[in-house]
Amino acid sequence: MPNPLYSFPRHLRAIATGLKYLIAPNRMTVYYPEKVIELPPGYRGLIRYHPELCVQCGLCAMICPAAAMKMFVKKGEKKGRPGVNYQRCIFCGFCVDICPQNALEMVRVHDVAYDRWEDMVLPPEKLAQEPVSPALAEGAKVVRPVFSEERGLVHEPA
Amino acid sequence: MMGMGALEWLISLLLSPQVFAPLIFPGLATALVVLLTVIWAERKIAARVQMRVGPLYVTRRFGGVLQMLADGTRYMFQEFIIPETCDKPYFVFAPILALTLAILPFAFIPAAPGFSPVKSPLSLLGALAVTSAVPLAVLLMGWSSENKFAIQGAVREAFMTVAYEAVVFISALAMGVAYGTLDLEEAVLRQRLPGVLLNPVSAFVFFVGMVMSSGKLPFDIVEGEQEIVAGPYVEYSGIIFGIGMGLAYLKLYAFSLLFSLLYLAGWEPLPAPLYNLYPALGGVLLFAKAYLVMLFVVFLRSVYGRYRLDQALRAGWRVYFPLALLSVLISVVVRVVGYA
Amino acid sequence: MRARLLAREGGEEVYELFIGPQHPSSGHMRFIVRLEGDVIVSVDPDIGYVHRTMEKLAEGREAIKVIPLLERMTIIDSHNVTIGLVRAMEKLLDVEPPPRARYLRTLLSEMNRIASHLYGIGIAGIMLNHSTMFMWAFGDREVWLQLAEELTGARLTHTYSIPGGVRRDLPQGFAEKAEKAIRYMERRLEEYKRIFLENPQVVARYEGVGVLRRHEASRLGVVGPNLRASGVRYDARLAEDYAAYSEVEFEVPTFEEGDAYARMRQRVEEIKQSMSIIRQVLRKMPSGPFFAEKYLRLLPPKLRDQVLSTGRLKFPAIFATMKLPQGEAVARAEMGHGEIFYHIISDGGSKPYRLRVVTPSFRNVILFRYLMPGHRFMDFPAIYGSLDYFPPEADR
């Protein structure tokens, strides 16, 4: 049996640590969807396609590891334009990184939801639209994570 | 006129201590309300310590306080599945028996002076004896489930009962020695100083025994979720599962009422206006003290993990049993010195 | 038709419990535990529930596509998992990353190591039903995931290293944020000590439980903090020179007792060492490109300037169809769970001919059979938590 003189003060220390956080909690919950976290620049979110810059080289479809990016060839065209199947996309960003014309970019949106399974396959026309976060569209407040020495991550209004 | 006479008789029956105390305050109805709120409080306290928020959305403006009502309603509508291989009559009967036994202590607990349901010079013994019968029903639950995890849980319940019963009894009886009575009402009236100051060792040992008996961390060995997945309650679903989960809290409530009566001066100081209005209302302070004790016990959940079974048994017999005997000695000294 | 409670084999008192995949604390695997009363007689781990045939899938993908695939083996530690593969490919392709890329790889590796150890400590806490340790470890892990998000663009699925270097440069203001995170973590480690590591109840559960002696550890081929807590000072960061580990100073802590308590303390000490490495890396970061010149010169000059000014890599077009030269290459890396080993064989095509990976959890599975017998049943989750075993990694 452990020495009670040794263990009793440590029991009290553990209880005191718990009480300290009971009285002064340090909550890190973000009340999504009333508040939305602002994503840092360079975040790998949904893909936006700029058709005017694209030269239809097909490199993005060649490098996609999940076979999510496919070239959609219209009748009469020789080469196609890229479309994404979000059922397969792993948001690795290889397509964005390999495009020699910077025609693909990843926007800072990640919380899009689809109603139907078929909606997740985006042809080039849909891919050219700017993705919109539904929480932001319904008026969520934006908070930004700030590093702090006492509390770790604090989410302050942006 | 006959109708009025019958109604008056009914109301006077309802307001008599024999019916009001066990059924309404501090008995069954209050126990159910306490059950609802203390589980919510446990989750909120744990969330405060653990950097999160806890249940919030059920009644958003009040901090989600009716979350357990929502959970209970969901349990009501869930199918009560009875396994094919279990012992059906005992499977259904055991949790009901456990619930009934867990409510019986309220037949002995007084809410205010002159308001005991069963006025007896042995009411402390009666309350303790009845609570010690609940583990038998839990054993029956585990055995009739015909599930290896349930059997393990039932065996653990048997072991834990052996560990804490002696400790709780002896430390409570030590207070009986100090006050010179085993009647709970008299015990409060004779507390010139609160019991926790007269005999702190007994208070500490009774407190630890209380935590052991109600299966709260660090002694939640019976429902050890990480090893035996809810122990004796594993095969139960629906409202019976809710009853099983609430059983531990009912025991905790009964024990914390006993703790407040024996050690925290019960209902003193008695609020005279409320007492004159209706005697049971004078027990508000008793209820508040018991509730605070319960809140501290559920707070321990955020500080501790679980002890191993043999460590709990060893602690019960090698540490707390000698301390309980020591508390009897202290009580004898107190009685000889102060109360003679 | 009553259920039988006793197994036929063995003695009459031995009965079997299936701690199956449908269990709160079994992870993605099954254990067949034989108990005699309360004492464990034998434990049979049954792995394979999360087998995703990653080695075979890698044979059907081009070289650079294998990296995100294998990253999903241990997604909580994703950079350490892929850096071994990337080193093996770099050896085949005969390309060396520039110094800045090596330091950036070290930075992310250490951040991942801290996150992985926090995950392990948290799981060990919940195995004892200490929910506060669990929530605190995962909440503090958020700080490190946010830092990784600022560096790589994703919280867990970094895919940061590729053959030749890394994909992103350090963003502005990263060093101050990392310093604040480190100071916060140092404070929190003290509080972990007060509420968990020196909590007498936790010490009673861990001390003297699951003792792995030194000669047993080396005989069984155990790796990682489990090995170092038993007194064997082996670390793949010292054994193989990769990233910038030969240029930073750090200690490899070891403990002598080899019990579960030593393993938990070992992880906390390793977190402290990782934080010291991050501080040194950020101080000593060399300037220069973050991708190999051999591939950067394949980019047109406009893209090359864009890469060097924005700090985001553009792949040269040959990456889509890069051929791995014929040959074999071997590489090791030190993950949070232990040493991971890669062996890649190429026949000159763009897809690997054979990829063999030996993960640390696969090597640690043997401990379930050897450590458990003789302990009480409630020691089972305690030992499981202290081993930091990750089933998806063991099953690949």
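Labels for the chains are A, B and C, by order of writing; each one numbers its residues from 1.
Methods note: a residue touches a chain if its C-beta (ideal position, glycine included) is under 8 Å from a C-beta of that chain, and two chains touch if they have at least 3 such contacts.
Fair warning: this is a prediction, and the values are worked out from it, not measured in the lab.
Student: Taking contacts as defined above, which has more of them, B-C or A-C?
Tutor: Between the chain pairs B-C and A-C, A-C carries more contacts.
Student: Specify the chain with the shortest distance from its C-alpha centroid to the centroid of every protein C-alpha atom present.
Tutor: C
Student: How many Å are there between the centre of subunit A and the centre of subunit B, using C-alpha atoms for each centre?
Tutor: 48
Student: Please compute the C-alpha centroid of subunit B, do the same for subunit C, then give the distance between them in whole Å.
Tutor: 46
Student: Please tell me the distance, in whole Å, between the geometric centres of subunit A and subunit C computed from their C-alpha atoms.
Tutor: Computed from C-alpha means, the inter-chain centre distance equals 23 Å.
Student: For subunit C, jot down the residues that touch at least 2 other chains.
Tutor: As it turns out, subunit C has residues touching two or more other chains at 132, 139, 195, 199, 201, 204.
Student: Of all residues in subunit B, which are in touch with two or more distinct other chains?
Tutor: 49-52, 302-304
Student: Which residues does subunit A have that touch at least 2 chains other than itself?
Tutor: As it turns out, subunit A has residues touching two or more other chains at 14, 17-18, 28.
Student: For subunit A, which residues are in contact with subunit B within the complex?
Tutor: Residues 1, 4, 14-15, 17-19, 21-22, 25-29 of subunit A touch subunit B in their complex.
Student: Under the definition above, what is the set of subunit C residues touching subunit B in their complex?
Tutor: Touching subunit B: residues 1-3, 5, 15, 17, 23-25, 38, 125-133, 135-136, 139, 195, 199, 201-202, 204-205, 376-382 of subunit C.
Student: Given the complex with subunit A, which residues does subunit B contribute to the contact?
Tutor: Contacts found on subunit B: 45, 48-53, 299-300, 302-304, 314-315, 318-319.
Student: Spell out the residues on subunit C that touch subunit A in their complex, using ranges where they run on.
Tutor: 61, 64-65, 67-69, 132, 139-140, 142-143, 146-147, 149-150, 153-154, 157, 159, 167-168, 171, 176-177, 180-181, 183-184, 187-188, 191, 194-195, 198-201, 203-204, 300, 303, 306, 312-315, 317, 319-321
Student: Going by the contact rule at the top, pick out the subunit A residues touching subunit C in the complex.
Tutor: Subunit A reaches subunit C through residues 2, 6-7, 10-11, 13-14, 16-18, 28, 39-44, 57, 59, 62-66, 90-94, 97-100, 102, 106, 145, 147-153.
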